[in-house]
Structures are given as C-alpha cells and as structure tokens.
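Read through the structures below before going on.
In the two assemblies presented below, subunit A is common to both, partnered first by subunit B and then by subunit C.
Up next is the complex of A and B:
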C-alpha cells in the first residue's frame, strides 16, 4: 500500500460516502462541508502526528486526495 | 431611515447620479457621502459607536500590517526564532480590538439583560443602533484577515470607513469580507444597463417579499404574540407558521433590496441565502440561511476552536478512552455545539435565544454523533438517499425542525414560548382556526395574498434550485416581455404591498439584532 492509498483509507474512515479516488473538486462541488474538513484535519493530525494550522484550512488544500496529500507532506516538512 | 422608505430611494438615486458624475477615481466618495448621510439619520450615539469601531479596527489592522511587513523582511531563521513573540503580539492586537468592539456590543445589547434582577449593578438603558452587530462582525473579520496575512491593511481612513459603513448593508448585512467587497467599492466602475436593470429587478423582488408577504404575515404574528393567552393552540400554530414565513421574507427580502441597490453601483455583495427551504438537514439549513454569518463563524470561531490545543487534547483523550467513531468526532461535535450556542446568543440577549442556540446545537450535534447509526438503519431498510421520496422526507423533517425552533425566537419570554408549544399539542382546537384567523386582523383577502405570494416564491425558488437563471432567461426575451417583467412586479408591490407603518413595513427583524 503506497502513501496515497493509506491516505485514502484514512479519509474513507471519516467520510465513507465520498469517492476520494474519483472526485477532484470536493469543496467546490459542495461534497465536503466545513465540518468534514475539520474532522479530516483532526484525523490527519492524529494519524501523521503533524500540526496543521488555521491558514491550512483553505478550500484549495481539500479539493482532492492529491492536494490533501501535498498538505500532509508540507506539514511533515515543517 | 428605512430602506423601504421614499427617502431611502431618493438617497439611492442621488448617490447614483453623483456616482456617475464624478470621475472614476473619486466615485467612492459618493458612496461614502451617502453612507454617512444614511447613518447620521440614526442619531449622534449611532455615529459615535460607528466611529469607535472604525477607528479601533483601522488602527489594529495598521499595527498588524506593520508586524507582518517586519516579519516578511526577516531572514527565514530569524522568522522561525521570533515566531512565538510574533504570534503573541498578533493575538494581543486582535484581542484588544475584539475586546473593545465586542465589549461595546455587550454593553449596548446585553448588559441590561445580564444585570436584570441583580442588586447593586446599574442598567445602562442604551439604545441599540441599527446594524451594530453586522458592522462589528465585518470589521473584526477584517482585522483577523489582516493578522493572518490574507489581506493588506487599508491605510486610507476614509476608504476604510466606507468598507465599515457602506450604506445598503448597514441595516442587516450581509457580513461581507474586505477582500471581496472593498476592491469593488474603490474601483468606481460604472455598471452597464443590464447590471442596473438586474439590480432594480432584485430590489423589486425584495420589496415583494418584504411588503407583500412579510408585512402581511406579521399582522397575525403581532396579534397572537400580543395576547397569546387569549387564543387556542391552533392560533399559536398558525402564528408560528406565519412568523416562519415572515422572518424568511423579511430577512431575505431585505438582503435582496440591499444587493439590488449595490448592483446599481456595479457592486456584487455576498450572497446571504440559498433557498434554505430545500435543505435536507438542519445543518444544511444553516449553511443556506444567513450564509455570511455562517461563514464568519466557520472561519473565525469554528476552525480556530477545532484546531485549538484544548480541542486537540480532548481529541487525544476521547480517542484513547472512548475509541471508535464517537471518540473521533467528539471534539468536532463539541466545537459545533459551541458555535450554534454563540449564534443563538448573537440573535439577542434573551433566554429564548439561548434556548434557540441550545436547540439547534443539540439537534446538529446529535445528528453528527448518530450518523453511523442512521447509516446502518438506512442500509437495513434499503433506503436510497438519492430517491425523490427520501429527499422530500428529509426536506419536510428539516422544515418541521425549523418550525419548532421558531417557537423559541419570537416570544418575549421563554415561558411564553413553552406555553404556546404546549397549547399547540394539547389544546389545538383546529375547528376554531378559520374564525380565529379572521379575528386576528387578517382578512380572507390577506390570507389569499400571502398564500399566492408564497406560491410564487416557492415556484421561483424551485426553478432556481433546478438551475434556471430567471433574470437571464427574461433578459433573452423580447423588449415587450422585459418591460412586463418590470411593470407587473411594480404593480403587484404598489397594489398589494403594505406601504407605510402598518405591519412594520419600515422595520426589519434582523435590523434590531
């Protein structure tokens, strides 16, 4: 299982009804709400032991699994 | 100055003429002059409160900008080294601006209610100026955005003042963002004929909702709430239903007027309603109702609260001790509950609004916590979420939850809300409804106008929900049809609108918040 697959597995535990592999505009299309985003963020912080900041909570970071993956990589780097 | 009054329309017309006459770079002065004239009509105290907010948030933003600029000029290592000190200063400035403005709001709006019944503490008896909650929220949002480096502070005070007090939004919002509104205010762009026509049509749609539906529905509401003990339960049910209609048409109609006026100046203000009646859940209802307040709460309360160290600690604790889905979502649910609680209090200094906040917070939090259970039930019963009947059921369920919540917000006391709710269940006397309604100051004709108005409103919103752009569709028709689309609504407003003081035509319910 690669890193992105692992991420998708985590995302599916928070939002089981969302197809993270296929959807590319999760926020713009209204699939993810602010509540989903916060639940995803708290899940990611626990799973990867990283700290995400309020400035990270912008729609473009949560549009698809790829952008979320990049966000995690950035947080790991910090 | 009521935005449904002739004097307001005259002010808009004068400002629009002046706006066109001035060179592009100076047009924002016309907007500022109109805004100051509009707000000065509210009295000296209202102007003084406005000045406190404008000056304090202007100064706070400049201080924050200076900190941001200094930090940007630093080397990377130095920036990391000074991060804690920088964050502390940033929080101090935002905190001071917040304390000053929310403190003022508390003193004006909540102090008297808070000290009621406590001996030794004097009441202040301050008059709540129109729209104070809205411009304070908008200004504090600006300060936070500057502190986060999302926008640059405005150095020109008159220009900033225009952002704080742009006259159409001063009654009941929307609570716009500096990054969205300010560039449009300062651009001085002259709108095209189509934009002006769209603006006028949107204003007329707002006047229709406010003067034809809301003001008429308000007659029954005022009568029943004026003497709730005198009427059977069916009158309470009917009054709360009328209040639900009145509140939506009053608030969204007012916002349509505001956005229409702004459109005449080529300014696209933030959307505040997206057909909440079609919501599938109470949480979705609040995402479609008063959207700018919801977005404000999300960005400046919900996100920081959810990502706070306290919430993270609670998350670690609940995951470890409670485990499973419940342990994972508990901190987010708690943050959600706090946000709805604050929204409830924001609406007014009264136990009824506290109960309203708790009511919404409990339902939404419970629906988050019970979501896994609902999922299992739906699977067991083979319910397809996308089926039309299930969606209709969800909409009806949401409308019912909203309707029950409205029992809490109109009554002056919580006890009265609960008595009316109890009567609606145990003392209904449904057969007395026709005679009771006609005895509440509303004629059969008024009932027919409200019903027809609601049918038109529902039909329009249904089409919009299906993606039909009504104004765009009309604009593609012949000039004759386009003229009819202007004349017929105007005639309906003039014939059926309650213009003048009856039914509170000049006042807006959210204008008192």
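Up next is the complex of A and C:
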C-alpha cells in the first residue's frame, strides 16, 4: 500500500460515502462540509503524528486527496 | 475552571483537542474572532463559550462524556449526518441539564438552472443603509436564542456584499433572504417575511432570486423540521432533504 492509498483509507473511515479517488473539488462542490474537514484533520493528526494549525483548515487544502497529501507532507516537514 | 480567552490563544489550543473519534460543532473558526470568549479545558474535551446578548453559545471539541456543568443560559447545536445517530451525544448534554428546543433538517439542491417561473414581486439586494430595517425584520421573525442571527458587523458585511435580497413594498421591506456563498456553494441563512405579508408568494420569489444568482452553486438551507411552510417552499424550488439534521439544545 503506497502513501496515497493509506491516506485514502483513512479518509474513507471518516467519510465512507465520498469517492476520494475520483473527486477533485471536494469542498467547492459541496461534498465535504467544514465539519467533515475538522473530523478529517482529527484523524490525520493522530495517524501521521503531526500537528496542523487552525490556519491549515482552509478549503483549498482539502479539495482532493492530492492537496490533503501535500498538507500532510508539509506538516511532516517533507 | 472557566476563564476568558483571546481568539489567538483559543486557536492555538484547539488542535490539541482534535483527536480521533472527535465530536464537535465547531466548523467556522474565523467566526470566533468576532466574539468574547470563555474556555473550559477538560480531559475529554474543550468547551468554548461565545458571548451573546444574555446567554452563551457553546462550541465543543470532545471525545466522550461527560459534558461539564456550565453556568448561566447556554445554547448549543448538535449536527449529525445521514450515517450518524445523535442520540448518544444528545444524552450527554441532557445529563448536563440541556433540553432540546428545536430540531432542524438540511435541504440541498444541486447546481442547476433556476425554476422557470420569474420572481414576482421584484427582488433586489438590500443595501448597508437598510441595516436597521433588516435587523428589525430578522428579530421579528426569528427567535434570538435559536435563529443563528448575525451580529451587526456580520450583517453589514452581507449587506455590502449584496447577500441580503429584499422585496420592498410601500411600508418598507416586506421580506428578505440572507445567504452566504463561497466557491460553488451557497446557503440560505435566513428567509424572513413580515407576518402580515405571508402566503403571497414572497418567500418563493426570494428563493427563486437566490437560485438565479447562484445557479452554478450547490445550494443548501437549514430549516425547522416542523416548519411546514418553509419546507414546502424549498421543496417546490427543487431542494430535497439530504439526511443532515441538528438539535438545538439549551440549559438555563
């Protein structure tokens, strides 16, 4: 399982009815709500042992699996 | 111990309480900047009180019970999605003295052309100079404790941005619709029609105008689950219930 597959598995535990592999505008298209983002961040911080700040919870960081992956990589210092 | 807290300090603390299995009703973090805040930190979560006129609005980030004892009149809203049960969370708040005073459902409408029927009577944006009149109509139509009414500053921003639509008659504003919009999403925040002007198509005209201005957006609205008149208007305009619901709870 590669890094993106692992990420999608985590995302699916929070939002099982969202197709994170296909959707590219999750927030702009109204698929993810602000509350979903808070739930996702809570799971990601624990799964990757990183800390995200309130300033990271902007819609553009959560539009698709790719932008979320980039956010995690940035938080890990990669 | 409940203590005053600045937005900056609260923002720095919040990530510490974002843990797996989180239950929260806090999504719009930037809205906290406008509020006088009190905070209570507990092992099971963080409880944030936002001052309103004579009560406190409660946001929380918690991973389990109990809900602590909170002084004074406190209002909170528990939101649940189609795959969730709110019963357990509601029970925790009931044990802390809260009772449900209102239940809401969310209706959504995918991006699509607005209904063919033209808005009539005419609808146009209200301006900043109508702040007092708009505020008065909102207060006349919504319960201050549960109506999610905007403060003056937020309402002025909406008026300046053209996000308050109004129907005007000889006596002034007879009905209005306030909304938010971001990207391809738009949400009706309040739809208010003066009591004596109801059942004349104003709500439908305001909703149609909102949809015409946001035809490319996925539109949403929260309304009382027993508000038959509002549900009928929204359903007629193509909104359908999407399974999201909320309970407004209050103590004190």
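Rule of thumb we're sticking to: the second predicted complex is superposed on the first by the 77 of 78 C-alpha atoms of A that agree within 3 Å, B and C clash if a C-alpha of one lies under 4 Å from a C-alpha of the other, contacts with A are read in each partner's own complex, and residues count from 1 in each chain.
Definition applied: a residue touches a chain if its C-beta (ideal position, glycine included) is under 8 Å from a C-beta of that chain, and two chains touch if they have at least 3 such contacts.
Because the structure is predicted, anything quoted here is derived from the model rather than measured.
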{"item": "Touching partner for A:59 - first (subunit B), second (subunit C), both, neither", "value": "second"}
{"item": "Subunit B versus subunit C as contact partner of A:72, first or second or both or neither", "value": "neither"}
{"item": "Contacts of A:45 with subunit B and subunit C, given as first, second, both or neither", "value": "both"}
{"item": "Partner chain(s) touched by A:35 [first = subunit B, second = subunit C, both, neither]", "value": "both"}
{"item": "Dominant toucher of subunit A (residue count), subunit B or subunit C", "value": "C"}
{"item": "Touching partner for A:27 - first (subunit B), second (subunit C), both, neither", "value": "second"}
{"item": "Partner chain in contact with A:11 - subunit B first, subunit C second, else both or neither", "value": "neither"}
{"item": "Common interface residues of subunit A - those touching subunit B in one complex and subunit C in the other", "value": "16, 33-35, 38-39, 41-43, 45-46, 52-54, 57"}
{"item": "Subunit B-touching residues of subunit A, taken from the complex the two chains share", "value": "14, 16, 33-35, 38-39, 41-43, 45-46, 52-55, 57"}
{"item": "Residue ranges of subunit B in contact with subunit A within the complex", "value": "148-149, 283, 287, 298, 302-304, 306-307, 311-312, 315-316, 319, 328-329, 331-332, 335-336, 368, 375"}
{"item": "Residues on subunit C engaged by subunit A in the complex (per definition of touch)", "value": "11-12, 14-15, 18-22, 24-29, 61, 79, 83, 108, 182-185, 217-218, 220"}
{"item": "Subunit C-touching residues of subunit A, taken from the complex the two chains share", "value": "16-17, 25, 27-30, 33-35, 37-39, 41-43, 45-46, 51-54, 57, 59"}
